[in-house]
Amino acid sequence: MPEFRRILLTGAAGSLGSHLRRGLAPLADTLRLLDMNPLGAAAANEETLQLDLSDREAAIAASRDCDAIVHFAGHPREQTFEEILADTLPASYHIFEGARLNGVKRVIYASSIHAVGFHPVEAVPDTRAQHRPDTFYGLTKTFTEDLASLYWDKYGVESVMLRICSCFPEPADRRMLWSWLSFADCVRLVESALLAPRVGFSVIYGTSANAAAAVSNAHAGHLGFVPQDSADGHAAAILARTPRPDPEAVGTRVVGGGFAATGHPDDAA
Amino acid sequence: MPEFRRILLTGAAGSLGSHLRRGLAPLADTLRLLDMNPLGAAAANEETLQLDLSDREAAIAASRDCDAIVHFAGHPREQTFEEILADTLPASYHIFEGARLNGVKRVIYASSIHAVGFHPVEAVPDTRAQHRPDTFYGLTKTFTEDLASLYWDKYGVESVMLRICSCFPEPADRRMLWSWLSFADCVRLVESALLAPRVGFSVIYGTSANAAAAVSNAHAGHLGFVPQDSADGHAAAILARTPRPDPEAVGTRVVGGGFAATGHPDDAA
Amino acid sequence: MPEFRRILLTGAAGSLGSHLRRGLAPLADTLRLLDMNPLGAAAANEETLQLDLSDREAAIAASRDCDAIVHFAGHPREQTFEEILADTLPASYHIFEGARLNGVKRVIYASSIHAVGFHPVEAVPDTRAQHRPDTFYGLTKTFTEDLASLYWDKYGVESVMLRICSCFPEPADRRMLWSWLSFADCVRLVESALLAPRVGFSVIYGTSANAAAAVSNAHAGHLGFVPQDSADGHAAAILARTPRPDPEAVGTRVVGGGFAATGHPDDAA
Amino acid sequence: MPEFRRILLTGAAGSLGSHLRRGLAPLADTLRLLDMNPLGAAAANEETLQLDLSDREAAIAASRDCDAIVHFAGHPREQTFEEILADTLPASYHIFEGARLNGVKRVIYASSIHAVGFHPVEAVPDTRAQHRPDTFYGLTKTFTEDLASLYWDKYGVESVMLRICSCFPEPADRRMLWSWLSFADCVRLVESALLAPRVGFSVIYGTSANAAAAVSNAHAGHLGFVPQDSADGHAAAILARTPRPDPEAVGTRVVGGGFAATGHPDDAA
Amino acid sequence: MPEFRRILLTGAAGSLGSHLRRGLAPLADTLRLLDMNPLGAAAANEETLQLDLSDREAAIAASRDCDAIVHFAGHPREQTFEEILADTLPASYHIFEGARLNGVKRVIYASSIHAVGFHPVEAVPDTRAQHRPDTFYGLTKTFTEDLASLYWDKYGVESVMLRICSCFPEPADRRMLWSWLSFADCVRLVESALLAPRVGFSVIYGTSANAAAAVSNAHAGHLGFVPQDSADGHAAAILARTPRPDPEAVGTRVVGGGFAATGHPDDAA
Amino acid sequence: MPEFRRILLTGAAGSLGSHLRRGLAPLADTLRLLDMNPLGAAAANEETLQLDLSDREAAIAASRDCDAIVHFAGHPREQTFEEILADTLPASYHIFEGARLNGVKRVIYASSIHAVGFHPVEAVPDTRAQHRPDTFYGLTKTFTEDLASLYWDKYGVESVMLRICSCFPEPADRRMLWSWLSFADCVRLVESALLAPRVGFSVIYGTSANAAAAVSNAHAGHLGFVPQDSADGHAAAILARTPRPDPEAVGTRVVGGGFAATGHPDDAA
C-alpha cells in the first residue's frame, strides 16, 4: 500500500515534473498532476488538472484531499518583477494557503541555488547560510522559503526547501561538475523529503554525488537523501571542450553561476 | 555644510516619519518628504511629494537627484497577502529601482523585528539569524531585505535594514521593556546608518538602551549606533499594572510578541 | 501589589540567603523561608520552615501554594560523592518534583561557575559552553542543570541557572577581580530571573560589572540583568597585597580557580 | 599480541555485552567479564565476576590490573529517581574511581542518544550540542558524561562517551531508519574508541551507515569509527508495515523518540 | 611595591613608546628602555639601551633579568620584503628567544589591525578571525603572532597580541571614528595585558570607547581592558571637514583602511 | 589539449616532486621543473631549471610564461630561524612575486599540518582553525599562507594551501593511520587544486581516505578532492608492531605529532 493517498504535483508537464510523474507514482494511490500546459492522458492512478496557479480559487481547490504537495511549477529563468508579482508569488501563496485550508501536512518545494547565489564558491554555504538571491528568479525562491517558514511556525504546515542546483540531462559545463543533479537523483531527493518522519521547516541542496561540492548538506542529514549519480564521469570531456574560466568573473566566483552575472531584466527590453 | 545634498524620506507623514522629518533636517541641504497622506507646508529646506509608491513611474522619479533614501513608508500592522502584493512589495521594488536608476548610493529601510519574529526569546537572535517572519507584514520585511541584498550584490546599492522593535512614545507593556525604541533613538539609528562610511548590506536591531535585550547587535558595531534612552525607568510602573504573562503563550515565547499570535488575516474577514 | 503571591526561598539562613530574604521581600505577598538551620523570627510577610530537603515528603510539601522557587540551599564547598548522593542530588530532585506536583511555574537555581570550571580563562566560556565540572560540588551543579533542562522540556517548569562566580562581601584575590558578585548584584540577578517574562531553560553567569570578564553573558540578554557594583575599586589594593600568580597553575589557568586544583575529597580523609 | 593486557567489560551478560564479549576478545590477553547476572562458563582468555556495581569495594576492585574499562552495565529503560540514585549513579562513580585508583587509562562508556534526546530532529545535533536529557535514564547518561569529563580534566582518565542510538537485532520502526546501530557496528564502535591513540574526553554517536542521520559525528573523526552495516535495506518493509507518523508528536519531533514522550516514572506507580 | 621587578620596553623612543615610558613606570621597580634611537637621560627607575634588535646577541641580552617584555619597536609603515626580512622578523625572533632563554614569562606585543586588514568592515572581525594581512607591514604582525603562538604552545612564554588600530593624538578622519585609540587608552591596554593573571596566547583589538566598532573584543574580556577615552567628541568636526567616502573604495571597504589600498612597495621605487 | 600551457613545478627533484612530475604531465603542454638539485634529463614536454629560489632574480624569472605554479620546494624538517630566514621565506616571496609580476593566475602551495600542529587531536581542526605552528618549519608554512592571503586580497593571485599531513610510501605508525596521504592521492590533490574553477584563497588538508580523520575538510568541498587510497589496510600490522602510545605525550596529543615534541633547533647544536 503506498505511503500517501494523494499527492499533488505541480509543474507536472515540465522537465523535472515529467520525471517526478514517473518517479513518484509508487508513493501514492493517486498522483494529481497539475500544470498550465497539457498533461497528456492520465494513467490509471493519475488525475490531471490544467490550470494557472495564479488563479486563487482553482489553485486552492487543487490540493483538496491531498496529503502532500510537491510544488515544482515555475519558470526556471530570470523574470521581471512584474512577472513574479503577477505569477510566481501568488502561485506560492495559493499553494501554502491550499495546504493550510485543506489540511495538507507537508509541502515539498523546488527552491533553487539562486536563493543563495551570491555566496562565493569558496565559502561553501550550508543550509543555514543567509539568503543572497542572485536574480528576481532567486527572489521568488527566498520569498517562498520565508512564506513556508511562516506557514510552519504559525500553521503547522511542514515543508522542505529543495535548493536544486543544476538539474539537466547531463552536466554541460565546469560549474555543473559540482552543481549537477541527475533527474533520477532529483526524484530521490523528493522521495526523501516526502518520507522523512519529521521535517518541520527544512532546507537541503540538490546535487548528485559529485566529487566537488560548493554547497554543504552537513545539517540536512535527517532527510536521508543519498544521491546515486555523479557528474564525475563527464569531467574529462567537459574540461577538454571548455576553456579555463576566469576565477574573478561573477559567474565563476559565486555559487549562483551565470544567473548572478545577468543584468536587470528590464534593461534587456 | 550638511553631509547630504538631498535625502528622500518616505512615510514622512507617519508617526516615525514625523520625528525623522525633524531629526534628519540637519543632515541634508534638502529633505524630500514623501507620503500618500498630506505632509503640511514644506519648510525652507523641504520638498514634499504626495504620492503612492505603488505607482511605478512616480515612485522612481521621487528619488531623482537624491544621494540617500530613508524608506519608512508602510503599514505597521498585519495585512492580507493581496494587500502586500498590491502595495508594499511594489513600493519596495520601486524604491530600489529608483536607487539603481537614479544612482542613489544608499537606502535605509525600516525593516522590523517581525522579520525574525518566531525566534524564541531565550535564543536572543543576532543580525545573522535566519528569517522567521511572524506575519504577512513580517514577510514584506523579509522580502525587502532579500531584495536589498540583491541590489547590493548585483547593483552596488548599499543598504541598512533597521529591524525596529517597538517604536512608540513610551513602553507600554512588559515585552517593550526590552523591545522599546524611543523616537529620539530611532532618529539616532537612522543617522548612524546614513553616516557610517561603509555598510554594504547590513542589518541592525532597533531598541533603546534597555536592561533587557532579547536581540543582539553584536555584529552591527560598525554602524556606530549608541542608543541614549531606556525603558528601564518605566519598569516598576509596567510591572505594577500588568499581570504576569504566561511564558508558554506564543506572544511571550517569541521575539515577535503579539504579532506571532495573530491568526490569518483572511480568517477575520 | 507584589508580583508574586508566595516565593519559596531555600537556603534562607545562609550567607546569600540572608541577603535574598531582605532583597526579595518586596516581590511577594509572602516569602516562605526554608533552611535546615534556624531562621529566626518570621517577619510579617514571612513564613519559616526548618527542614532538610533530602526529606522527600517535607521538601515537596514546601513549595505548595508557591508561584516561584529560589533554590539556594547547598554547601558551597567540595563534598564526597557519598555526601552529594545522600544530600544535594535528592534535594534538587525534590525541589523540581515539588514544582511539577504543585504547579510552581519557575525555579531559580544557584548553580555555579564550577559547573564549567575547567574551561581555560582565555576561552571566556559563554552560557552555551559545555559542562566541565571541576569538583563533585560542580557535578551537583551540572546534574541539577540537566535535571532542570528535563523538567522544562518534559514538564514545562521554567528555570534559570545562575552560575554564580564569587559571591562574597568583597573581592579577596586577583581571580575575584573578574569573578566577584556583590550581594546586592546577587539580589538583582535573582530579581531579573524572576521577573523576565519568558525564560524557558536559561543560563546566566553571575558577576558584578567588573572590568575583566572571563565568562560571557552574550546570549543571556533576555534576562535583563545589569549589575551595578564592581570589583574595580579593589584592584589596586589586591594587586599590592597579593603576589603575581603562576599562569600555568591550575587555579589560575581555568575559570574554576582554586576548586579545580583541589584533590579528591576521599584523599583528604 | 593483543593490544591490551586486560579489559574490564561490565554488563557482559546483557544484550550488547554478549556481542562485545565475543567481539573484543582479540583485543586483550584477558577479558574480565562483569555482570550482576550469571555469565556462564569463562573461556580460556576470560575471567568472570558476578557482582553489583553499587557495591563500592567490589566495584573498585573489579578494575584492578586492567588497562581499559568498557562500561556497558545499566538498565536501558526509564527508571525512578530513587533507582538511579541507588544504582546507576553509584555504579558510574565506582567505575571511574576504580580507573583512578587502579591506574586504568581509558574508560569507554555506553552513553545514549537520550542524553540529548530533546533536540529536534531537524536540528541534527552534533557531539558538541548541549545536554537535553529526555528521561531519568537520560539523566544517568548526562551525569556520567559530566563525571567522565571531571575525571579527565582532573585525574587524567581518558574516556569516550558512546551515545548509542538504537542497538537492536534489526531496525524495527521508522525512527530506527536513522538511529539503528547493528551489533557488529557497536563492536566496531567500541574497538575504535579503545584503539584511537588519543581521545581525551570524547563524544560520538553510535549509528550504522544509514542514509538518514539525525545526529552528526562531524567532530568525532579522530576516533576512526566507520560503520559497515545499514538500516537502508529494511526501509521498504518498515515503510510498508508502519503508518505515517505525526511529525508534531513528541516521539517524532525529537531525536530521543518515544523516550521523550514517556510520563514521569512515579505517575505509573 | 610595584608588580614587576623589571620590564623591558622596546621602541621606547617612539611615539607610543614615550607614553608607555611614563605610563608603565609605576608597574616596575625598573623600566628598561630600549630603542635604536637616543632615549635621553634615564630617570631614577630607568635603564636605557640603545641598540638594534636585529643584533641577535644584544637583543637577547636585553631581556636578561626582566619579568616581562613590552615589544613596541617597529616601523608603523609599509616596508619592502627585504626590509622586513632584515629587520622586523629577526627583531621579533630575538625578543621571543630572549624571553625563552632568560625565563621571561610574558611578552606584550604591538600587533596591528593590519594583521587582519582585509576583512570587510561589515564583517566586524573578532579576535578569532583568520589572518588577512593588508601589507608587508601586516605580514610582520601575522608572522610575530604565529611566532608568539609557537612560543606559548612549545615553550610556555605567555603573550598578548595588541592589535592596535589607530593610535594618534586625536582621530583624524572618518575611519578613526571607530579605529582611534588614545595614548592613555594604549597605556591602559598594555597595563591590562601585563596584569591579567593568565593570558596564555591572547589577542585583543586596541581602540578607545568609540560609538562605532568595526572589530570585536567579545572574546577578550579576560584581559580586563576598559578604554576611557572616545573619538565621539570629534565626530561632528570630522564629518564637517571631510568628504563622504566611497564605500566601495578599498580603503573604506576593509578594516585595514588606507594600508589595504597601497601598492606594492617595490613599485614605488 | 592540456588544460595549461606551462606549469612551473618547484621541488621537482624531491620525493613528492618526482611523483608530481609524472602525475601532472598530462595537464600541461610543458612542465617546467625546478630544483636546486639535478633533475635528470628533460622529457619531451619538460623544461628543467636548476637554481636556488633564494636567488630573487632567477626565482622570479622562473615563472615567466607559466599559467600556474605548484610550489613544493622546501625542507620537510625542522630548521633554525636563521635557515628559514635565509632560505624558505625568501623562496616563498619570490614565488608569489613571480606570480604577480609574470601574471601567473594561481599558485598551489605545499603547506603542512604543522601550520596548525598544536591543535589537540580531539578538536579535529577544520580549514578555518587558527594557525598554531608547531615548529619553525610550521612557521614557514603559516608565513607563506599569510603571504598567499595578501597576494590574493591585494594582487588577485589565487592560491590553494595544501596542508599535507604525512606523505610517505606507506603509513609507518599509528598517527599515520589518520594522517597518511599516498603519493597518488597527493597528485590528485594538486590536480583538484589546479582544476577547480575558482579557489580564491583556499585551504585544504591532504590525507587519504582513512577511517580516522583528525582534521576536517568540511569547508573545502569546492576543491573537489576525493582521495582514493587508504591507510586502513595497514592498521592491523601497525597496531601489532607498535606499542600503545601515551595519550598525554605531546606527540600523541596534538595533530602535529612528533614535530610538536621536538626541542628548539638551537638546543641541539
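In this document, chain identifiers A, B, C, D, E and F correspond to the written order of the chains, with residue numbering beginning at 1 in each.
What we mean here is this: a contact is a pair of C-beta atoms (placed from the backbone, for glycine too) under 8 Å apart; a residue touches a chain by one contact, two chains touch by 3 or more.
Everything numeric in this text was worked out from a predicted model, so none of it was measured.
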Co-neighbours of subunit F and subunit A - touch as defined: D
Identified repeat of the B-E interface (over half of residue pairs identical), from E-F, A-B or A-F: A-F
Residue-number overlap at the subunit B/subunit C interface, same or different (half cut): different
Separation of mean Cα positions, subunit D and subunit C [Å, integer]: 32
Centre-to-centre distance between subunit D and subunit B (centres being mean Cα positions), rounded to whole Å: 52
Two or more partner chains touched - positions in subunit B: 218
Touching pairs among all chains present in the structure: A-B, A-D, A-F, B-C, B-E, C-D, C-E, D-F, E-F
Residues on subunit E engaged by subunit C in the complex (per definition of touch): 1, 3-4, 105-106, 156, 158, 192, 195-202, 218-226
Partner subunit F, residues of subunit A touching it in the complex: 120-122, 124, 174-175, 177-178, 210-216, 218, 239-240, 244-245, 247-248, 252-253
Residues on subunit A engaged by subunit B in the complex (per definition of touch): 81, 85, 89-90, 93, 97, 100, 118, 128, 130-136, 138-139, 142-143, 145-147, 149-150, 153-155, 260, 264
